[in-house]
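Below, chain A partners chain B and then partners chain C, in two separate complexes.
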Partner chain A sequence: MIKVHCIAVLSRQGNPLYVGNFDQQQEDVKYHYLAHTSCDVIDERVEQNRAGDLFLGLLQTVGDMVVYGYVMNTGKRIILASSVSTESAAVRNALVKEIFQAVHAAYIAHACNPFNEAGSEDRLADANFDSLVAAIARARSTPSAAEPLPRARP
Partner chain B sequence: MAELLLRGAPVEDTGTAGSDGPPGRGRTATGWTELPDDDELMEQVYVKLEAVGFRVGRRLAERFAPTSRRLTDTLDVVKFVCKDIWMIMFNRQVDNLKTNHRGIYVLQDNKFKWFLRMSGNSGGAAAARRAQPYIWLPCGIIRGILDSFGISTVVVAETLGLPQCTFQIKVVTDE
Partner chain C sequence: MAKQYKTIGEETWKNSVEKVSAELFILTYGSMVVQLVKDYEDYSAVNKQLDKMGYNIGVRLADDVLARTGLERCPDLHATAEVISKVGFKIFLNITPTVSGWSPDGKEFSLVLDDNPLNDFCELPPRAVQGGLWYSNILCGVVRGALEMMHMQTDVAFVHDVLRGDDTSEIRVKLVRVLEEEVPAGDD
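After this line comes the complex of A and B, so read on.
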């Protein structure tokens, strides 16, 4: 199980397109900060391993939170902050990667909607995307969750 | 789409319409329609079609970018356009890709799908000129795809004889 605190989508230049705060214990600004500090780590990882996977693994640990990163081929970055748990690293990585792929699919669905043109370069304001990502974040937060993650309509 | 734009709203704007009624404008006995002899209008159509293609390209890139590997340099991205995107759009791959390794890529398609059924009575050159508006949309698509991979480019296309088509991609550096 993964208690997801935050999922953020950033542009190639690091502008926050979307920051979803799912625990309400911390203020949004904390997650904005996390997302931005992670940008440098992502740049470093991408530079180090140029032909790797889209999933970048664990980026940093901040207090009781762990931050994972994922970079799309089109330059957008997804960042996920969750609380530390007891599972092994391999199990966690697989779970987090699955969540990233679901968020990526939700992003693609958003990007392919021809009506989402206005201002989509600097803000990702889409109610469908919001609710889908919230559902994805919730889906793995109970110990027994085994059903597939919510998917965007193809 | 190209035909619509050439005969549609912009024609009224520039005041060239209505010489002999909108539907039959420029039509000869053979059913062949000439392109309007108006560079300004053609320019407007070009800008419009290229912009539409750009938006389509941006979305194609998001939708079909590979999810299992990262494309890092420009050549990788151009190869992705030649193989995957061409397969999706035209059901074939580009025949020939040339590059000078200094930011110019030339994609040659010997049987460009949209040109396969086009021909003209008055010879290949006239038909090639007449087909020009139809390659502006794919030009925009290519530029849109490369743009979403973070590469700014200028894309121009030309055709020598009809089913053949050549796209030249020139990478623009920010200096």
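After this line comes the complex of A and C, so read on.
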């Protein structure tokens, strides 16, 4: 179980395409800032990561937040910010990786929509993607770890 | 009779049909609809074009189905409906819509599609929903064209569509008349 505070999707250049804030106490701007500062770390990791693994692992720890990174095949990035917890790193990594894969799948489903007018550098303004990512973030915030994460395509 | 059609449909699907990637087909169809929307800018015109395209496909499909399956003449419209659903749709889309909603005079029925593969990934923008776009309207044209080759003039149209927020996708088929003479050329 993992308390997800924010999931953000950034373009290759670091422009925010989507910032989902699931934390009632914080303003969006804090997560924009976090996403921005993670960009450099992501660039570094992508350089080192010749093996082609999409999950980049723990990027940085800022105050009481931990930030994880994931890169899609097209170069777009997903970052996830959550609060520090007491579980082991391996368990957390597996959970976060699962969440990233679900968000990646949701992004692909959104991109495959033939009526999707947005270019790949524009803000992602789709209510369905929004609610899907929110459902993914919520699904893992309670200890019912067994159910699979929500998918767009039934 | 229904069971026999079902078996024929499944056997043909398994053995005599070349398969192509579903995603390729769905994405191609999607981009075609979007291009039509951009070109015509009027959703009822797009519906009409999709129906025309489907009609041209349908007139060719009818012979194809008969050649593959060797089916004989259907005794009545009920049997025809079963063949469309369990053989026709099965062979080409691998779905079997449910035949229901028969009118009292037996000249109208509904095909209820539980799962329309063309709809995968697709989200209609609100303009399209208001404008009355039937995304899978090509299917109506196909059914109309195929039935015309079987000497039946029909009206085929969508009445419900999950992409527009309804619970199911439903196509209504109405028999207008049986064509005794040759199909007139230059239709549409």
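FYI, the second predicted complex is superposed on the first by the 148 of 154 C-alpha atoms of A that agree within 3 Å, B and C clash if a C-alpha of one lies under 4 Å from a C-alpha of the other, contacts with A are read in each partner's own complex, and residues count from 1 in each chain.
To be clear about the criterion, contacts are C-beta pairs under 8 Å (C-beta built on N, C-alpha and C of every residue); 3 or more make two chains touch, one makes a residue touch a chain.
All values reported here derive from a predicted model rather than from experimental measurement.
With chain A as the common reference for superposition, the partners chain B and chain C occupy compatible, non-clashing space. When the shared chain is aligned, no partner comes close enough to touch A:Q24: not chain B, not chain C. The larger set of touched chain A residues comes from B, when the choice is between chain B and chain C.
Looking at the shared chain after the overlay, A:M72 reaches chain B, while chain C stays out of its contact range. By the touch criterion stated above, A:D126 is placed in contact with chain C alone, chain B being left untouched. Rounded to the nearest 10, the angle at the Cα centre of chain A between the centres of chain B and chain C is 50 degrees. In the superposed model, A:T86 makes contact with neither chain B nor chain C. Of the two partner chains, chain B and chain C are each touched by A:C112. The gap separating chain B from chain C in the superposed three-chain model is 7 Å, by closest C-alpha atoms. Shared contact residues of chain A, touching chain B in one structure and chain C in the other: 112, 114, 117. Against chain A, in their complex, chain B makes its touches with residues 55, 58-59, 61-63, 65-72, 148-150. The part of chain A that touches chain C in the complex is made up of residues 109, 112-117, 126, 128, 152-153. Within the complex, the chain A residues that touch chain B are 12, 46, 50-54, 71-75, 101, 104, 107-108, 111-112, 114, 117. The part of chain C that touches chain A in the complex is made up of residues 23, 27, 30-31, 33-34, 120-125, 128.
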